[in-house]
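Given below, in the form of structure tokens, are the structures.
Each of the next two complexes has subunit A plus one other chain: subunit B in the first, subunit C in the second.
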Partner chain A sequence: MSTPETGPASSWLWSWRDVRPAPGKGGGPGRGRRSSPLSWRWGDRLVLVLAWLVGGLLCLIAGSIVVYMGVRGIEYLSPSVIFSHPTIAENGATSGGFLDPLLGTMLLTVIGIVLALPLGLVCATWLVEYGRPAWLARVVESSIEIVAGTPDIVIAIFGLALFQVRLLAPLSVTAEGGGVFGRSFIAAGALMSLLALPPIYTASRDGLQGVPSHMREAAFALGKTRITTIRRVLVPNVRSNIATGAVLGISRMIGSTAIVLILLGGFGRFEPQGAMPAIGLLRGTGSSLTSYVYYNSPAGEGVAPQKAYAAAFVLLIFVLALNLIVERIGRSQARAAGLAKSTPGS
Partner chain B sequence: MALLERLKRPWPDHRAERMLGAVSLLVGVAIIAMVVFVVTRAWPIFQHNGISWLTGGASLEQEFARMSAASASPTAADYQLRAWPLIYGTLITTVMAVVLGLIVGLLASIFIVELAPARVSRAVIPMVRLLASIPSVVYGLIGILVLVPYVGNHLVTEHERRAMQGTVQLTGAGLGVTVVILTVMITPIMIALICEALVAVPSSWREGAVALGLNPLRAVRAVTLPAIRPAIVAAAVLATARALGEAVMIQMVSGGKSFAPRPGDGITFLWEPLRTLASAIVDYREGLASPPLKAAIYSFALLLLFAAFAMSISGYLVKLPLRKYQTRG
Partner chain C sequence: MAKVQSMEIVHDALAAVPPVRTIVLDRPPAPVRPLPERLAVRAPAPSTSGPERLTLRDVGIAYAGKEAVRSVSLSIHQGEVLALIGPSGCGKTTLLRTLNRLTELTPSASRTGQILLDGEDVHELVDTTLRSRVAMVFQQPNPFPMSIFDNVAFALREQGRRRPGRRELEPLVVDALRRAGLYDEVAGELDRPALRLSGGQQQRLCIARAIAPRPEVLLMDEPCSALDPISTGVIEELIGELRRDLAVVIVTHNLQQAQRVADKVAFMYLGDLVEYGTTGDVFEDPRAERTREYVRGAFG
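Moving on, here comes the complex of A and B:
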């Protein structure tokens, strides 16, 4: 399998399922430690203590963030905050809840994944299974790598320039005088799909490359064409990889603030553009949980830090749930791989 | 309906190949479009300043004020830009966070893979993953509501505040808090890459070193670390790319002043506010109606895009020797 290049915080972070060298193969160096640290030199002992401290510190930071956000979140979270619309107000008491941002996050995520999943999967399939001409494959591969490395603030500002083009004006909010703002759910969702693309691509590519070639050969021997093999054999086989990539992509999209701040720009409520119900909503502006947190913190308007805490807590719960899903998929995948390996004669 | 039927039938292979290729090409075209768009929007700044806008000299705050006040048909003077404080802010936060993160990341990776009992490392790994997946706005929220007030109330002394009164206000938001949070955000990326490389080192190498009488820690230093040197550099490169582009968190906790922190100020250095290229984009996102400010913002984006390119190219170059040693898979 190739080394993972794409995507900060993408699939490789989740691929070290069991990082310890397998026991039984002579045990690693750490296990069965003969020399007690007490006999080590002072310098070595210092490093050992430091390593333990750093490990503990990381756990402490992660744990205290979760606990602190949990305490604050539960303190301020109530059904009325979740299920009421935000209003513009002077203080936190009358500023309403975050129903609209919550739905906005979901809407954005759905738009993003609907665009990114087919694109990522198709790119990975084409590159692994066809990949001709070679120069074109190289171009596509490097451009996905570039997306993976591009900061999301740059993606956002590019999206603004893109959707301010006259041709794309119907897709976003337009001012009375005809000025194009380039801000809408469509714009934000489309650019968010660029965030989800690299993890989906990487995960699908690694999965496809990991399918043993005898499976393809068996399908070809049965008279299947390449595309039928892809559809009936390869894609079903790497379903869990694709799912991992998709969940990672979703968690990147849920957490993205810069794109929402710049391309959605709303403060609270949905503000549909035009009279058509669904299309107006998509063309209109709104907010997401991330931008709600931002605007309610002292960095934004700062009217209601308690509500920022509550919304951030909801955000954190989403992220934790997605983490758990990835872990679950990874574990069942590892178990399946273990089963396949232990079958004799395979 | 007939079309749907035709699509449902198995496709001929050549058509499928062309279709999939076309979609992949679309992604490539979108990326090239991104570069073109950003370059054309940033062009006026280059036209009026050459590349000297990368240097310092004038007061950036005044320039921003003049730019936002500019009319729809701005004069050449409105485009005047000297953005060094932003570039300096970006560089200093990135370098400090990456250096700190590298130390923490190396120690943590060695701890997870080589030193900790299996049960402990199984508990640490999910924590690291969690740190990697917390959204940046949540980090920013904790920074601005917890760390900034703490630093402002307890760590910044009255004396320091008075000493800096003429130049800049010390509120607690600034370099120190920014670097600490940024370090926490980028360290998990490094740990993931370094751990992966550590696991890939054949255990016989370590066993050889231990058999020669080295303790586990010395074995790591003598054998494992030299073997994974390219991975360490790759981790640093990736973390740098992430740190350069972090916008929202830094905008929230950095104080938002186009001030270049001066290392000569001693400990006060850590409390001085700053602004980075990415956080300036967030700061001035509402000012896009003014043409000079818009051009300035896109030129910051262009600079970040260039930096990201440079990072992915150097990441690629660094990984070349790594491939040679890759024993797994």
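Moving on, here comes the complex of A and C:
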């Protein structure tokens, strides 16, 4: 039972790297003899098996979400659904597509990232490179932690209260009698930026803290000021961290439903406020993919559940694409800096 | 009691084991590479002592009130290499970093005494101006993760002004790389990432970066301690050439290196400047007993 046993046949399960000698290496000795899990204590063996089970289960869950949404989504997805406007209808056949929610999602994301990116980066840079007085640094740090931990429905309610203030009335939809609704793309985008802020801030801060201090000293020793060092050495150096944070922030914003339902309205089409083309759109209301999925699913009005599946599939594709981008950025940045193994032809 | 017993057991066991075990190499040892010709027969260039660049008067440095360097007075001339030698933790690097006011970045550090650059108190100079006149090379090669070209160009670009274009900078960058003895190895691939260079090449890139703005003094903090002997030889030779145009101050742990490259040697011990004189005097006929013991290798 507890006889130690080694060899490729039994160790494939326990090792995370291939232990077989690489082909064409002249049959070298490969990896040396290692302790087999069969000789471990029971507790350790149990944990090892559990780790494999949980890892596999997570892969299975993620895989089944993608496969299920893929099957249902592709079934109902068609160019006409993507490129036609939604209409209010009794049944799914005449309810149009989700062009407006798709563009709405993109618009919200752009507004949110334009606001969150500079703010998060500046906060992180100040904290890491200046960070004084210390109490202010602590306040900044914990404020962002609080924002990160706030559910988006709470952020949305706060935004509603904020944008219903009379002073901010020009930024959102106003009813005929003069009542301020506090609903608009500006309002929703601004509050969405709070969702993107913490990941951007955290990623930039970790990146800057990871820059070795000799890099700063090298720049100072060349007679550069602190601000030049930040602009020309530090920020370019953590570009991949910033991009990763931004993409994480974008996927949080894409996935947010509560803010859209409360601060944007969330029904079908764009409804610009006022006559000016671009500004009217920003002041007006609209919808996003998440709110579209919600209203069309059986949980909402349930008029067109097939289209909800199609929209959900598009949403999922967006998020998966963003994750791929994050990974790409990290790898290409490492290559550009010369840290990765040199690639032929570059 | 039990301990003594177990010691005896260990002793017996050791006696039982055959004393010598042959070491089996998995491949034959690499043949020793001979040093390149030009390094092996390097004639020491004659010292060309020029005008006084840096003057230290009674310089003391303390971290949070604890003295790291006490009352050092020195003068550093153009055309000379001054080596700061001494055991670890005796204030050599602290003194070096004070010459371009890098110690000011440590909030707890304080300095007394006077440091003059060409007769001007360095405290009166703007720190960025001072640091472009008194350049520095660090222990670990620390090029920026940019291209070779950008590493040198970064040092040349001044702040607050119009950024000069590549065409204007190119001759200056090439000149700096050439003076650092790196150009022949990287010509034609200036856009490669600097971090792909070997350690010795990276250090020479850092030297090129430091000397690009034509400083008057070059500070070197153990520039070869992370390098192999061949790269070290190349850099030592380079130091000999660079001192024609500037004053070099080098901190080193390696006494032989100090002997090879320096014209003057300052020996520091526990924050005090114990001995200062020409290399020959300090190594062959030191005045202080401490110096005699240190260069003999009795401690440190």
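Basically, the second predicted complex is superposed on the first by the 272 of 346 C-alpha atoms of A that agree within 3 Å, B and C clash if a C-alpha of one lies under 4 Å from a C-alpha of the other, contacts with A are read in each partner's own complex, and residues count from 1 in each chain.
Just so it is clear, contacts are C-beta pairs under 8 Å (C-beta built on N, C-alpha and C of every residue); 3 or more make two chains touch, one makes a residue touch a chain.
All values reported here derive from a predicted model rather than from experimental measurement.
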| item | value |
| --- | --- |
| Partner chain in contact with A:58 - subunit B first, subunit C second, else both or neither | first |
| First (subunit B), second (subunit C), both or neither touched by A:151 | first |
| Touched partner set for A:233, first subunit B, second subunit C, both or neither | second |
| Subunit B versus subunit C as contact partner of A:316, first or second or both or neither | first |
| First (subunit B), second (subunit C), both or neither touched by A:66 | first |
| First (subunit B), second (subunit C), both or neither touched by A:225 | both |
| Subunit B versus subunit C as contact partner of A:119, first or second or both or neither | first |
| Superposed model, subunit A: greater residue contact from subunit B or subunit C | B |
| Residues of subunit A that lie at the interface with subunit B and also at the interface with subunit C | 225, 228 |
| In the complex, subunit C residues that touch subunit A | 100, 102, 105, 127-132, 135-136, 138, 140, 142-146, 154-155, 159, 192-196, 206, 209-210, 213 |
| Touch list for subunit A against partner subunit C, complex | 212, 214-215, 217-225, 228, 232-233, 236-237, 336-339, 342 |
| Contact footprint of subunit A on subunit B as seen in their complex | 10-13, 16-17, 20-21, 23-28, 30-34, 37-38, 41, 104, 107-108, 110-118, 120-121, 123-138, 140-142, 144-146, 184, 187-189, 192-193, 195-196, 198-199, 203-204, 206-207, 209-210, 215-219, 238, 241-242, 244-248, 251-252, 278, 281-282, 285, 288, 297-298, 301, 304-305, 308-309, 311-312, 315-316, 319, 322-323, 326, 328-329 |
| Complex interface listing, subunit A residues touching subunit B | 1-3, 5, 8-9, 12-16, 19-21, 23, 25-26, 28-31, 33, 35, 37, 40, 44, 47-48, 50-52, 54-55, 57-59, 61-63, 65-66, 68-69, 118-119, 122-123, 125-127, 130, 132, 136, 139-140, 143-155, 157-158, 160-162, 194, 197, 225-228, 230, 251, 254-258, 261-262, 290, 293-294, 297-299, 305, 308-309, 312, 315-316, 319-320, 322-323, 327 |
